[in-house]
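The following pair of complexes shares a single chain, chain A, combined with chain B in the former and chain C in the latter.
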Partner chain A sequence: MENIAPISWKKSSKPHLFCPGCGHGIVLKQLGYAFDEMKIARDVTFGIDIGCSLLAWNFFDADTIQTHHGRTTSVMVGYKMAKPERIALAYMGDGGGYAIGLQALLHAAYRNNPVTVILVNNENYAMTGGQSSPTTPVGMVTSTSPNGKRAEFGKGLHGPELISEIAAPNAYIARVSISNPIQLKITLKKAIENQVKNKVFSFVEVLSICPTNWKTNAKESFEILREAEKLYPIKEFTKEKEVEK
Partner chain B sequence: MTEKKLLLTGNEAAVLGAIAAGAKIMFGYPITPATEILQGWIGKADKSDELQYLQTEDEIAAGFGVLGAVLAGEIAFTASAGPGHVLLQDPLSMAENLRLPFVGIMMQRGGPSTGTVNFSQQEVNLAAFGGNGDGIRLVYSASSVLEMYTLTQEAFQMAWRYRFPTILLGDGYLGKMKTVVELPADRADVKAEPILKEVSESTNIRNCYSSEADLAEVLQKNLADWNHARKSLVLSESYELDGAETVIVAHGLVASAAKDAVSILRKSGVKIGLFRPITLHPFDTEVLKKAVAKAKKVMIFESSLNQLARIVKYELADQKVNYEEVSKPAEGFTAAEIIKAVKGK
Partner chain C sequence: MKTVKIILAGEGGQGIQTIAKVLSDAAFKAGFQVAYIPSFGVEQRGTPSLAYLTIGEEEIRYPRFDTADYVVVLQKRAIKVIGQFVDTNTTLIFDSSAVPQALLPKGAATLLGIPATAIANSDFIPKVFNIIVTGKLSQILKLPKELVFEAVGETLGKKFKDEKIKKANEAAFEFGCNFEAETDKFTKATFTPSEENITVKGHGKVAQIVPKRCKGCGICVEKCPVKALSFGETLGVFATPVPDIDLERCIACGNCYRFCPDAAIEVWKVS
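Here is the complex of A and B:
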């Protein structure tokens, strides 16, 4: 079943343009299955950032708007105000969400705007050729950290942890990894459901791989991903908040 | 048609204009001298089931919020000034390329970050040519409280009809100025519809282009539409231009002082008239050409350094004109000052 392309994929735009083995492909496949299972592709408006996510501008048979770098959250917040009955998704990379667009992301979470943000964390600025990003771990070689990222530039920004600090208790916040596609799909569905049912904010960070910029084969890519999973714990943050209460 | 008489500031008039045009959502971040537009809108929205607002974390979020709302087919806008107008160039560039009916009301102010908030026309370049595009935007300049009402409606009307991002400029002081105005009963009939269409064939809008040819095709189409619409978009006021040997060109509040100056000078027999561009971009070049054809001198007055003059000179490049530029960046003009300048004293 999981090898069949999701029905919500737009056939005319396949094969897609992501690099072979790219994590975006895995995320978009699980998102497609989520659309199919929830039968919502027609109700979704998909907002995508600039970054490798831009390659998804015609990925789904769903209304899609590609915005400027870091601005997708704001566009979808505005869209959702005008169209509360639609499902507003914002899809971005770690640069788009945690660097240039962090302010918009935090404030959408803080206000509990009913949008769902999906952030694909590949620990680098992939589209521009693999520069260091807020989530690049210490020691990782990138084109702007040629001798390995220095600790003084930050030990890796923990987005869901940060956002859950200011988000409302009923916001759904989670981190998952492409290493577990089933959990990825379930998490994406929960995040979307939270928007539909509770009309509140939800956020999913997906740990991903970028074989092209990492210059890794499949095995090496997943080794780096496993390290990322240690640095950035896979969990739901919402529940923890509820337990705290 | 019956008219309503009200005591209003320019900012209040803009709010009423937006409502009259059918605007439903305002996104904004406070900045003097445009803050009262946000406050005024919120005041109305809190008493209405129809009107919404979002005070955003910055102008970037406000501008992109507007784009999200217009993509959904809602009439939406923002208002700002100076440094906020700079930040709004990011969404304006997206709107320009994707032909989204963004509407922004910019009450110009002097100084880079904070500074003077009364007289300035220093945002003409920014409004017309800011951003990383070619300046396919519609720019109006209001010169009275009444025009803050009527041109706000015009801005929405044209933005949605032609799908060009649209900016209404006011000299900062115009926002604060309070006068009795008679609001015309006629209202703009803005036809808005979803741009992301929600029909079975999905709408996929992109902002990135894989080849120069792809992008060029879009840009050429936008330019062709712009050139085609020009004639229907340009607006100007001609005052006492018949037989004028001196033609004053001024916009906004400077033009209203110039109008007083012209009327006084005419009474003393000076052959002088005023051309006031209401759209700064596109520019009503044909009317100005006729006015300057027999004039001896064209005097350009503005509260900025050559920002209007550069547009005028470009538009009149094929005319022989004797120019005199009176630029007072971020300072206002009185009629008396203009009269003095005309008399060469």
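Here is the complex of A and C:
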């Protein structure tokens, strides 16, 4: 019974507000275990965005800030400047991070601000009804691309690749998937540790599932996720840069 | 027809807005004045979903109202939002297989029970439950059956992926139209979420399942490498089935609890 839910979860807010089978639950569960193992739940300030990620507003027994769409990174950068002893986490979706909030994210990476950004990529704008987003792969049927997304509208934005181009060599940048929760937890821990120890930027993109808007059951959801993992490769981007150097 | 005010209450995901849309489309085609306002918070399962519907021959001046002629409640958790709409002239229609009659607000003129969830699960497919209610409501409101069924086709047409689903909807609608509502002896509300935790022991393992948190997504069933999990009889928080565990097959690998987004299942070994 000890392990059924992380200790840092706020028990009174469960069952949480996410849809049945939502990938956010899996990411936040592993983040909770990471908090427990590092014993940092009391030191974390959790910044959340507009979009499905805002439903995590009462998820943890931790300080939480909810801010304007796409500005979570900027707000957490400012917060960290005012309170350098706190651990600043920015939690957002692909709409908030790669569409409206891309400039905030890129500049935080460019300045190497000591915040950890966790971006959950479910390949659509889920809260508003599954419209196609910058990361929607070619051919995917969404409510704004009823015949499948056409290649001329972009083949899917590769966020970590883009950010690793401008980020400092000691920034930690990685992409993981919820299909491997253990790797997910290890990566999240590394990203938080990088902020605590080295005082630099870290960024984790988590490939996730959206059964409600993909209109899939559990099996089909993970099949689409497997396709997504082929398009968006799972890897760490930090070491490569160090080798180049 | 005198102007009637109807309020439909349930949970997001149940199909409350679909019922209201079908009825308002059909009533409009039949030549009535219609006003329909959906009212729900965040668009997701588990939050209250309300639909205000006004149908009548006279012009409708204002689409909201304080007391309703018909109150339709289809989920236990929605009972608390309908109390204010009930007065001594109200007909209270409820899903008797999911809403316990004892918890309903007192003072309504008539109670009508439709065990729609139970019928949909036993005779049709679970999803058609709102079509049964639509059928019954259209007969209570005396709307022409053909027009209502046409509206069902127009609203749900895209969702009829194969013939089986279409047939089930047709049959459910026909059944709803001819259904004689319960007036005094109500079906027992068995389709309510289970409150107690399930603990299974045996074969050197202990499994704990929390139906209060389980939303029935099926990820644990899908991720089990030895097929020890399958959907059972107990119902979770959204009245969806909770998995049953076969501890003889289980190898306590921990995949189910690692993947469960709602922290509703755990298995561990005991020595």
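Just so we're on the same page, the second predicted complex is superposed on the first by the 242 of 245 C-alpha atoms of A that agree within 3 Å, B and C clash if a C-alpha of one lies under 4 Å from a C-alpha of the other, contacts with A are read in each partner's own complex, and residues count from 1 in each chain.
What we mean here is this: contacts are C-beta pairs under 8 Å (C-beta built on N, C-alpha and C of every residue); 3 or more make two chains touch, one makes a residue touch a chain.
Being a predicted model, the structure only gives us computed values, none of them experimental.
Undergrad: Quick one: chain B and chain C on chain A, clash or fit?
TA: fit
Undergrad: Quick one: classify A:Ala62 as touching chain B (first), chain C (second), both or neither.
TA: So A:Ala62 only meets chain B here.
Undergrad: Contact-wise, after the overlay, does A:His24 reach chain B, chain C, both or neither (first, second, both, neither)?
TA: After superposition on chain A, A:His24 lies in contact with chain C alone.
Undergrad: Have a look at where A:Ala171 lands relative to chain B and chain C in the superposition and call it first, second, both or neither.
TA: neither
Undergrad: With the two complexes superposed on chain A, say which partner A:Leu157 touches: chain B (first), chain C (second), both, or neither.
TA: neither
Undergrad: Based on the superposed arrangement, let me know which partner A:Ala218 touches: chain B (first), chain C (second), both, or neither?
TA: Once the two structures are laid over each other on A, A:Ala218 reaches chain C alone.
Undergrad: State the minimum pairwise Cα distance, in Å, between chain B and chain C in the overlaid complexes.
TA: After superposing on chain A, chain B and chain C come no closer than 5 Å at C-alpha.
Undergrad: Which positions of chain A sit in both the chain B and the chain C interface?
TA: none
Undergrad: If we count contacts the way the header does, which residues on chain A are in touch with chain B in the complex?
TA: Residues 10, 42, 45, 47, 50, 54, 57-58, 60-68, 71, 74-83, 86, 103-104, 106-107.
Undergrad: List the residues on chain B that touch chain A in their complex, please.
TA: So the residues of chain B touching chain A come out as 24-25, 27, 52, 54, 56-58, 60-61, 63-69, 71-74, 76, 90-91, 93-94, 194, 196-198, 200, 202-208.
Undergrad: Spell out the part of chain A that touches chain C in their complex, as residue ranges.
TA: 1, 3-6, 9, 14-26, 29, 55, 127, 129, 181-182, 211, 217-219, 222
Undergrad: Name, in rising order, each residue of chain C that touches chain A in their complex.
TA: Listed in rising order, the residues of chain C that touch chain A are 42-47, 208, 210, 212-213, 215-219, 221-223, 237-238, 240, 257-266, 268.
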